[in-house]
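Heads up, there are several structures right after this.
The two complexes that follow have chain A in common; it is paired with chain B in the first and with chain C in the second.
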Partner chain A sequence: MKKEKIDFDIYEDITENELDELWSMMDSYTVEYPDEEEIDNTINELRQYVPEKEKEEYFIDRFHYLLNKSMIEISFISKPFWIMSFILFIMGLITMYFNKYINPYLLAMVISPLPFTFGLIEIFKSRDKGMMEIEMSCKTSYGEVLLSKLTIIGFYNIVLNTIFSLIISSISNVDFLRLTLIWFAPFTFISGISLWLSMKIKSSYTMTIIVSIWIGMIGTLLNTPYELIERILWMNITIYIGISILGISMSFIQIRSFIRKNISHKGRGLFEVNY
Partner chain B sequence: MRLIIENITMKYKDKVAVEDFNTELNEGVYGFLGPNGAGKTTLMRVLADLLRPTRGRVLLDDRDISTMGDKYRNILGYLPQSFGFYKSFTAHKFLMYIAALKGLDKSISPDKVEEVLDIVNLKEHSKRKIGKFSGGMKQRLGIAQALLNDPKILILDEPTAGLDPKERIRFRNLISEISKDRIVILSTHIVSDIEYIAKEVILIKDGKLLGVDSPENILENMKGKVWKGIASEEEFNSMKDDYKISNIVRKGKEIELRIISKDKPPIESIEEESRLEDMYLYYFDQEVEE
Partner chain C sequence: MPTDEELIEEIHRGSQAAMEVLVKKYYKNIFSYIYRKVGDYHISYDLTQEVFIKMMKSIDRYESTGKFKNWLLKIAVNHCNDYYKSKSYKNKSKETQLEDRIGDNPDKVWDLLKKKIERNLVKKAIMSLPDYQRDVLILRYYHDMKLKDIADITSSKEATVKSRLRQGIGKLNNLLGGEDIEERKNRL
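Showing the complex of A and B:
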């Protein structure tokens, strides 16, 4: 540490006698210690602020806790979300079954990110509908509610997409692994972007924006020469893996920042006020 | 049970919403009375542990509530000033949802939901969707959710907003009934909400505590400050800018006035018995909402 330069000139006015007096006074000066009772009271007062030693928590315990919370949330997620997502995949299968010329890879890619985007409305429902303050006053915090919904909707989408891929690969005799990577890449990437946007604006706006952009992009793609579509669908597998990693990272960053902001603070979120 | 608000200060950037607020509460109804923008909602959020104050702390039986976590949530019932609902939920489903979030046991939740629906007079509407509820019904449902866990500390921020006079009376009676073994904190700018039920009235203005006292003592302090007099049009015009007038009744050419003043007004007047709304006008210098 940098030492401060002492300016001895300021002591110029002090005489030798005064200095001696000061020394003798300092020598005889005693610091009065508080009595035992005062010390005990201070310790007891501060005890409540000492953070409790966190129990060693394994991933499986955390997962179990989140799963329990998610089970509660499942019954409160609106039926239209389950039905709409399911119908979307059924329509995809019907289209695939009756139109043999449709590219199964393209179909999986187009459909895969849409149900999660619909699910954003469910995930951010409490914030968008003004229920957040009530939920925050409950034992299960707003952050836990949101994370539980995210888990359920994410899981439901992965299951639906996987079943869809299994059925398609059995109908069209396509490579299951490639098909999985082709839907997984846009699914994770668009989920990441949607989560980022939903943290900033109303989820219904996010859904409208993302779905419009996605459909617009697909529409444009379909109007381009087929070789371009072929090129996208037959890119090197590592590119799909790269996009997936990017999407997962984006989602992970969003979730982590959300947890930091809303859950980690003494185990619960605090209300943010914009005055 | 003792809830101590100790030196609470809450700042948002350059605005001080609550400043050095100190008071102590125990079982009973407390009415936080103050005009809009006085800092009541901020204080309610601090008491509900939704906002961490810039300075100070809230102690429940000598424990800082910010360190209590779930233990505090278990005994807390909170109704925010403005809130929304999931409109597609029925009243019953909504309360079952909140019961789940409050950690109520599944086996007791349906009975508890029925009980609170009965308390707020919504039992016959339990299967109706909230989207079809009137503003008053939604407010009653909000009160119902706050009561679900049988809270020992009940914080109600402007609970009578949107309630019709009959519902307000019913609400007041309900609060009186349930206040026996709990601390009920009621924030309002409507005097009649707390006039008959508050054990103590806590006056708040510009984020600062103006005073705490029982309604009886407040009325006692107002003695000699409320006057009733008859004024002509000219007298009224000359007085209206200098005096706080709580009531004006035109009686032909004359005007009967209710005046709040430390000194006798310059018209023929007699001393009147004071009401809590006179006190509101005296301290807050604003029109009284009934």
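Showing the complex of A and C:
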């Protein structure tokens, strides 16, 4: 009891023993503190007094944070995903190289959405294994982990598709821009649908079903008269752009609703640095 | 762990997380001061929230002196003083006097554990001190603050703080001293 010895000279009329006794009595005056929920209510009340972040700075911060987070998340994505996606494109290239009769646009269209669909299994595996609550209790929220993984897998898919298009356009003399649009439209559309189904059905079988449906659709398409395939592949570019916008919007809506459901404090910036 | 000044800088830039960290860091400190000053849980909860609202509203005026805790405690001390001058306190005070008379039934008190009785006696003794003595005592004893800092927070001289502390402790010793708990209770 350091302080009372220092202060002792102040208390002229009290003996040292009396003072010791008094201090020990004062120790019994404990405080019953509010629980975490009540403290959080106060914090939520205070949020309105925090100055608004400047929009530009806010978006730059968010972007940087997402990039950093994605770099960390790369190591948590399983190797079979990277290898399987890569092999899929290599097989596509080999098929294209040895079979000159295959339509390169059709091949790009078939392959393009598959890595992202496989990737969704990777993204939702913690939820399907019941690990979501644990991830949510960690320093980084589950919403952040999900977005980081989506960014990596989406980016990886786009890179693979672009390389694939570049190689195909160089070996089969096709229009690169058209080829890009042809794979981009189903890629965004199927990604949007896959994401929507993943949010609705909490099972890893969802992706197996989507892949089966997609392959079934392609199979049906291949059995239709060739003129119909040609028509689909040579549709007006604006239709492909429209499908792409629709797919991107679907993905965006799903991600937004997921974040709203899974981030407890609406006022708190999603990518704000946690202390 | 970032310093208070770094957190304040972040709050200026609009960081909700920095505000959360800063409030959580000092919440218990401020609450315990207010609770020991007013002696009522619910009022203390409301006053603590108001102190932090005042903190947020005037955080622009905080000069980075490295003594954020003292600055915040000063807000709490002033806010409690305002509360004691308010109508709501005066009304509450009349109600409490009535409740105290009803609650002074010796049979009920003796049913409580010794520790709880002692806690209540200390609480009652501290609450019986004049406002300015209670402030000094709580800040010195429960918050382990230096006399110089207490003088700064309560806007008074160090000699005045010393004298208030001496008077406060003297009164507490008169009220709480001795072995007989019943005797102490009667004194209060």
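Observations, loosely collected:
Just so we're on the same page, the second predicted complex is superposed on the first by the 205 of 275 C-alpha atoms of A that agree within 3 Å, B and C clash if a C-alpha of one lies under 4 Å from a C-alpha of the other, contacts with A are read in each partner's own complex, and residues count from 1 in each chain.
Here is the rule we use: a contact is a pair of C-beta atoms (placed from the backbone, for glycine too) under 8 Å apart; a residue touches a chain by one contact, two chains touch by 3 or more.
Everything numeric here is computed off the predicted structure, so don't read it as measured data.
Shared-chain residue A:72: touches chain B; no touch with chain C. When the two complexes are overlaid, the chain among chain B and chain C that reaches more residues of chain A is C.
Once chain A of one complex is fitted onto chain A of the other, the partner contacts of A:43 are limited to chain C, with no touch recorded for chain B. By the touch criterion defined above, A:14 reaches chain C but does not reach chain B. Of the two partner chains placed by the overlay, only chain C lies in contact with A:34; chain B stays clear of it. Residues 49, 267-268, 273, 275 of chain A contact both chain B in one complex and chain C in the other.
Against chain A, the residues of chain C that register as touching in their complex are 1-2, 7, 11-21, 23-24, 27-28, 31-32, 35-36, 41, 45, 48-49, 52-53, 56-57, 115, 118-119, 121-123, 126, 140-142, 144, 162, 165-166, 169-170, 172-173, 176-177.
Partner chain B is touched in their complex by these residues of chain A: 48-49, 72, 76, 78, 125, 129-131, 133-140, 145, 266-268, 270-271, 273, 275. Put simply, chain A touches chain C in their complex at residues 3, 7, 10-14, 18-19, 21-23, 25-26, 28-34, 38-39, 42-43, 45-47, 49-54, 57-58, 265, 267-269, 272-275. Chain contact summary for the complex, chain B toward chain A: residues 12-13, 15, 17, 42, 45, 48-52, 63-64, 66-67, 69-70, 73-74, 76, 78-80, 82-89, 93, 97-98, 100-103, 142, 145.
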